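Below you'll find the structures, each written out as structure tokens.
Same chain, two partners: chain A is paired with chain B first, then with chain C.
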Partner chain A sequence: MTAVPSSIVRHGLRRSWHDYASMLRWHLASLRIWMALVAIVQVLSGVGLVLGIALFFRRIPASAALYVSTGVPVINLVMIGLILGPQLVANEKTAGSYDYLRAMPVSRSVNAAAWYTVCLVNGVPAMVVSLGVASLRYSLALHVTAMLVPAVLLTALSATMLGYAIAHAISNAMVTAMVAQVLVFVVFGFSPILFPITQMPRWLGTLNWWFPFRHMAVVTRAALTPGPHPGLTTSYAVLGAWSVLCAALAGRALGRRL
Partner chain B sequence: MSAPTGQGKSLYAGSAKGARAAAGSLSPLRSGTGYWLSSLRAMFRFELGRARQWAGMMVIVQALMGAGMALMYGFFYPHVTPARALYIATGAPTLALVPLGFVMVPSGITLERLEGTFDYVWSLPAPRSAQATAAFGLYSLISLPGALLALVVAAWRYGAHLSLSPLLIPAVFVSAVMAVALGYGMALVISNPMVMNVVANALVFFVLLFSPIVFPASQLPRWLYDLHRGLPFYNMAVVIRAGLTRGIAQDVTTAFVVLGAWALAGCATTAWAVGRRR
Partner chain C sequence: MASQLGPETAPTAGRTAEYWAFQVDGVTKRFGALAANDNITLRVEPGEVYGLLGPNGAGKSTLVKQAIGLMMPTSGRIMLGSFDLVADPDAARQLCSYLPQAPMPIEAFKAREAIELAGRIRGGDRHEVRARTEDLIEALDLGEWRNALGAKLSGGVKRLVGFCMAAVRPGRLVILDEPTNDVDPLRRRLLWEQIRDLGAMGCSVLLVTHNVLEAEKSVDRLAVLFGGRIVAEGTPSSLKAADRSHLRLHIMLAPGTETPPLPVWAAAPTRVGHNLITTIAEDEAAAGIEWAKTLIDQGVAEEYALGATTLEDAYIRLTSHLSEDVDEEGPTK
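Presenting the complex of A and B:
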């Protein structure tokens, strides 16, 4: 008589917490060599943007300086979610660890939460450095409010989930890399993050309403500068909707049988 | 082709002199301009055939990136004055040429190394200069439409008044040769794909933000300007701008000399790496 292997399906909050901690450790451990490099690249690109855009002008206007300084933190968060995520998943797919990870008895949402934490751990320090350099370089009086916490959390969440959806829903690694590259180009040059929306054609501004990047800049800027910020609630709502949509897309792709 | 079995036997059986003669009749070492040109033609066909799967998409991506960069820089300014417009319009084609040498060539070579094509191409009985020239031709064909579209889009968007001069042809040629030669040299010297990737991305970041290509060099701090006079990027912009406008570009001869020196340095590095035994 053969013994039937017992497999108890465990769930509950405690189980989820345990899984979350394990996956977080897994991700951090597999990234340990990369974390330093990612941090350096993040800080250099953030500080580079802060200092470099001043060269576009003979004397940078105060409003342009404010837009750059409050936009660079958004760029920092978006880059982590949109570039690092898909790149790592593409590497996992080539190395074969992707299927291994998918076979683990951990729920998709817990896995996504662990990955989101990793993105925050990587993105937030660079964001703080960029902000610090910007306020020193342009002698800005930033007005940091408590709203910065939800703004950063939601900006990072929508960027991470977008990257997560791109990484998991597109099976071809080449296409993933290309989509991520194009998105970076769009975020940097065609989204009103580093400059006011009035400086782009009206139709492009309207088009940007449907994408998350403009709203990321709105919520982050509102938490860093005083004054009325029209459409703030709408921006939070749009970001929330994008996060849910991308999480659903990624979840669907991950739940599919191979 | 006839089977060389009979000759092969004599190669082993005969005297040293006979062996040399037999080997000579087997595969004569050919040289000369005619041979080089026919090698170039064959290698170019080889490169085109290899690239046909991705070249079309690459041309489109390059063209979109070029046009996109021409538009993007305008968004950063509250008002695009005629002077700024002229700088953006004449800088955009330069920006479209930079990725040719500093991203496409190194990443192409890195991929070839991983796939093993790199060693295969080197083992072919064609002069290595012909192989490199064929690759240069292919990459130029892929990137030139992007540079042209960037110029057209920028001229249309900002209404910049350009006055083309024959100087544009040597300017684009020298810039492209320099970019490819340096890219080749870099890719051959740096053999780790990850390091190459980081270097290429860092260079592109530096060129896009810190190089006086789409804005006047007078906006830079003095030390950065002095640095750029010795680096290739600013000088590329100077010579291409000299071919597109009248009166803005200064020190064009110096710029050509610096570009020539960088092209030579790239070729010398390539030659050193090619001649080295592994």
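Presenting the complex of A and C:
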């Protein structure tokens, strides 16, 4: 057949939907040889955390078990967002294929939305498994509410957009990977996700108020445990602000022309 | 052409062939004090295959990256039809297809899948894209790799798949950066046919290469870039005009030898590695052969070749560089 050169500059919702579906296929296909491995690592790390932290105690206190059980799902979502995106983009930069991806005729925001979906697809199953194992291991009666849906969506969104911004805003592949690793270190060691903020020095607790990780734990835990949950609205607002900020940063970086 | 996808911005003044010309007007791109592109002006008509030749660092890739919206010119305009590609990078990405010099990111894709998906991402209709994909696979003799993963493809086949991704739903401007790299001679010929077909469809084709010999046979017009500037532009024949009635004498010097003094009837030579290239008048052919044989007898040279001048000679004269095919292989007797 004879092709005809494309003379159309597409706009509007139908273009966005088409771009979203196409880029979702692109991202999923790009990951296909890694998908199973990523899922296994995600499940193992989540379950490993759930079971491993109990070893710190002769008999784990109920409050610690609850914190771990409701914190590990957050860790699952954060790890996917902070590691997978920056690692893949760093690989593309190193291989030289980054220019082709930047030259794709799709809108930046829709591309980011497709990537977010991929992170959800990769992160949520591991999150569910971690939660299930935690419930069995610690005999918890979790109080799962419908608010788990927005909590997970927003937690994954802010983590994914943070990773996306790091991936695209930092031009050097090595620096991208290092910053992502430092953030992972911060998440594990210095963010009140797996333990209460009251156990941190006051200044570190205050500092954490400005970062998204503590708020991810607050909204997720609120959807899994009975209330009251003071500051919940604020946490949603902070996470929303971080998501918008990081998405804007990533979009700006992707569209940056040297 | 009917839109497949929602509202569109389309030219209103009619889509005549002239309307979709690609125009670069006084483009300068500076990185600090370095001018990677220095006041470049060129025009590629629809249906034309236009070569951009030059050695590494001449500014070829910098120019195409500005056209596709990956870089911003320091000054100047880049237009495709009525679209200002600098002011509207989204339009640039939609109207231009691009095969970059770097490897395509298709390790996890099957060849056919990568081509089809590229066509869909470019806004193509599902059935049309599928049919065109099959056509390209057949035309480039890629059938045996149709369902092979990109990770298992050789560099040349991967390059051809990359070309298909750019050509499956071509833009008004198709930018091909070194499309024949790593491709075997048989499929190179098939590839050139497909590149010509893009022109026949009405695309403007901007072909970046430093393979002068291939470009000579395949482009309608070309520009030679050197040091960020266009140092010559025209048809391959017009660029060779200065070398008519001359022959090329190519001498492969022995390793470690100095450039020997040239006879007065030889033009100023270019030496790259062990290759010494000059042009001589046709009347001096016998003297040229005699001189080359003497150099071999003296151990200064190992072999020589005397033949018709090509675009390569104009290229050497303009840039003091050899094209990639001669750099490593030396002359063929």
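Everything that follows uses one rule, which is that the second predicted complex is superposed on the first by the 251 of 258 C-alpha atoms of A that agree within 3 Å, B and C clash if a C-alpha of one lies under 4 Å from a C-alpha of the other, contacts with A are read in each partner's own complex, and residues count from 1 in each chain.
Here is the rule we use: a residue touches a chain if its C-beta (ideal position, glycine included) is under 8 Å from a C-beta of that chain, and two chains touch if they have at least 3 such contacts.
Worth saying up front: this structure is predicted, and the values here are computed from it rather than measured.
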- Query: Do chain B and chain C fit side by side on chain A after the overlay, or clash?
  - Reply: fit
- Message: Tell me the angle subtended at the Cα centre of chain A by the Cα centres of chain B and chain C, rounded to the nearest 10 °.
- Response: 80
- Have a look at where A:252 lands relative to chain B and chain C in the superposition and call it first, second, both or neither. neither
- Task: Pick one for A:26: touches chain B only (first), chain C only (second), both, or neither.
- Result: second
- In the superposed arrangement, does A:53 touch chain B (first), chain C (second), both or neither? first
- Please indicate which partner A:107 is in contact with in the superposed arrangement: first for chain B, second for chain C, both, or neither. second
- Larger contact residue set on chain A - chain B or chain C: C
- Message: Output check: A:195 vs chain B and chain C. Expected answer is one of first, second, both, neither. What do you get?
- Response: first
- Query: Once both complexes sit on top of each other, what is the least C-alpha distance from chain B to chain C, rounded to whole angstrom?
  - Reply: 15
- In their shared complex, at which residues does chain A touch chain C? 1-15, 18-19, 22-23, 25-26, 29-34, 92, 95-97, 99-107, 255, 257-258
- Note on the structure: Per the touch rule, the chain B residues reaching chain A in their complex are 61, 65, 68-69, 71-73, 75-78, 198, 205, 209-210, 212, 214-215, 218-220
- Message: Using the touch definition from the top, list the residues of chain C that touch chain A in their complex.
- Response: 1, 3-11, 15, 20, 65, 68-72, 83, 88-91, 93-96, 98, 100-105, 107-109, 113, 117, 120-124, 128, 131-132, 135, 149, 151, 167-172, 174, 201-203
- Complex interface listing, chain A residues touching chain B: 37, 41, 45, 48-49, 52-53, 55-58, 61, 63-64, 178, 185, 188-190, 194-196, 199-200
